[in-house]
């Protein structure tokens, strides 16, 4: 532990404390609202621990391995939440929390990053390389395609709508293959060489054992806390009297991405446009083209399946989100009002889910 | 009045004459077709008078105020027409005339401006700055988003579809906030400094009293004439035996934007690409992100509400219009066939409304 | 015939052989699967013969005439297939084979061309002029518009949905006019002057009589073979136990475009990016904005009409295809994963049609 700086030790201590408190709340029958709040904070903290561990382990192997590790392990907490939700039969929450995570990242966080980044720029125009935004748009359009045609087949009572599971599985495999075809050259490219967020604070590399330890502890911890989080979710939803859709699209989505989001906005405020956009866009691409299809395939083992069949309102939002993100970031420039336009889409969607 | 040039006095006289004739036709029970035609010409003339007044008043305060005045007052005649239509319970006409105004500007007028502008260019390629087209596309996508999700909620009998009024109001407020976030820096930018259309003819500024007088008279006049216009519309629709949708999308939309449209096409013919595009694009942005949401909020005071709930055909047209306008003008270049493509979309839509 | 090179004579001989075999199979009552396979190969061969004839005849008149000839005659085999399918009352096959031809070209072939072209490029990025891709996107969006609004009118039981034939006819005329407005300046531009695919192998121009002869024989032959192809299709579909949609979208679409497709991929492998993209994009533009509307108008003479009314799944695929093609090729650059994304869309669509 001596290899850790003082601030890192404090952070780890706080995360451990909240994790323990969340456990006590869960097994001690504390009020569900409190249990949910503790689990949320613990989960965000564990996501951060997993992130630090991943980055440190990756350092030994270069940027390519870091990238792959981040892609696969960085989403562990979110993955566990959805798996536990599916396990508990909370299919609406499971589905809306994935798609909500996508919307929170692509609309709310990207929007705020652009607003903050444009303010930080001397001429009010945030500038960044357009390659990653364009790649993300391609992946989003592909995911949208699957979701749109499954939705249309369903709405028009096509014979194919009886086979949503099969079509979703085929679509998931296709999506993952395209994701791999994208991520491998991307990781090899110079884009992966640039310093990752948070790297500056961690000048000294950790000993390997410690890094792996953090990874294992963080991963295992987030598996437990995800279970407690999902258990506390249902009574909290009922107590707050909000719709399941609002819980998934807004509460779980924002809670599950809090640390990542904050990092992106902080980078934008410091004028590090490319890094800020990179953090957010990578999140969007990973949820859309990696996490969602992986969960579709994993869910084949469960009684309740996750498919690409969404309610029409979310299908429309996904398509329009893909278009807006492409339109706004595709030219490598963005001004404040464009960020607000993305935030407005998220706000209107959140308002709509209140009435669902 | 001596401060006015000869041609301006003639124009004002003709507008006054048609306004009086439209009033006589309304109260004298003239045939509805004639009353409608007179009211249409008077309304177009009054829109021009309001435009001149706004521009002259704005001159005292610089481009920012001119822009805001034009945004708020320039749409007065159209605003009154929709308000009177809502008041008379003509909700289909009210709604289709706003959306029709958007389609007429974004498809028919923009298309003709491109065709004429491309012909005027030596190499057949009309070139213009792509910033305003891209901004307009962003605003159009945001408006499309609200309309698409309200439409999908409605079509899928979502619980949220019972709350279209509330969601439309929230969407309208969000849209207006984004519009303000766009329009303020836009007005401050150099874009606002370039000469506005028609400025050359009015070299000498008008005395302030006269300018305000024109504004007040034009505004008040268009309020009266809008009432007569809407009264004559119903019997004219019945006499011509056209659908309400055709009346709104084609007749009212073209009549309400005649002067503006003609100005844009004239500028394109003179090779003033940036100005021509600016006039048309500003109209589109204002209708989509200012006039429509303002009317949604105003209509809360009426028995018949205006919402963002449109018939599916218009939702699809709006989305495809947003995409086509972005695709065609987003690169700052356009050739004749692209203009014809926009005109073709409008023609097909107009043909379809004949069968509604 | 002496004017033909050795390899050309062999190709002609093989095509003639398969044409004769296809005829014998048809009239001799051979097993439908074999008859279908022979007709498919003969049809692909005859498409090649028509292509060579068109190119040679066009040489006498310059690139403009070549272009027009290719537009009108190059699609003869496909045109005949759809006409015979309509004549036999196979409306699903007729419609899905046109739209399938579009999807096969815009997704499968373009995707493979990009994958191969990106591999052939030293830095893994295929580069090409973005004008033709952008023009094709404009035409695709226009076609999508007609198909989307006809589909929405139908789905929402609009009064206009009773007039799909009339609206389709108006849309077809509008589409053809825009196509003409596009193709004429395009043919006059330098784009048409660049060597067409295959030109290098045919260094020496053919005598005029031979070229016209090939054109007439190829055209007449493909008319006959198309009839046999369609006759063998129904029993083959039943024997293979695949859906009509799969037959149209996959089997007929790939069979009907085999030669063209292969040519495009070969050009990409040789690093001739612009030519490769040009061949594929022209096919897409011609099917969307020329062949489809022409067939809609021709079908007015038949008992079974072809309209722009498609099943919702294909409407969604068309819209997303238009967007993906624009997004991926609009910037004049493409990398391998973008090609795979297009191929993935086609694969998912093909999988879905299996369940229709």
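A, B and C label the chains in the order they appear, each numbered from 1.
Methods note: a contact is a pair of C-beta atoms (placed from the backbone, for glycine too) under 8 Å apart; a residue touches a chain by one contact, two chains touch by 3 or more.
All values reported here derive from a predicted model rather than from experimental measurement.
**Student:** Is it true that over half of the residue numbers where subunit A touches subunit C are used by both copies, so same, or is it different?
**Tutor:** different
**Student:** Fit subunit B onto subunit C over the CA trace and report the rotation angle, somewhere between 0 and 180 degrees, nearest 5.
**Tutor:** Value: 120 degrees, nearest 5.
**Student:** For subunit A versus subunit C, what separation do you get between their C-alpha means, in angstrom?
**Tutor:** From the centre of subunit A to the centre of subunit C is 41 Å.
**Student:** I need the residues of subunit C touching at least two other chains; which ones are they?
**Tutor:** 155, 323
**Student:** Name, in rising order, each residue of subunit A that touches subunit B in their complex.
**Tutor:** Touch residues, subunit A against subunit B: 124, 155, 243, 311-313, 315-317, 319-320, 323-324, 327-328, 331, 335-338, 340-341, 344-345, 347-349, 351-353, 355-356.
**Student:** For subunit C, which residues count as touching subunit B in their complex?
**Tutor:** 134-135, 137-139, 141-142, 144-146, 148-149, 151-153, 155-156, 158-160, 162-163, 166-167, 170-171, 174-175, 177-178, 181-182, 185, 323, 326, 330
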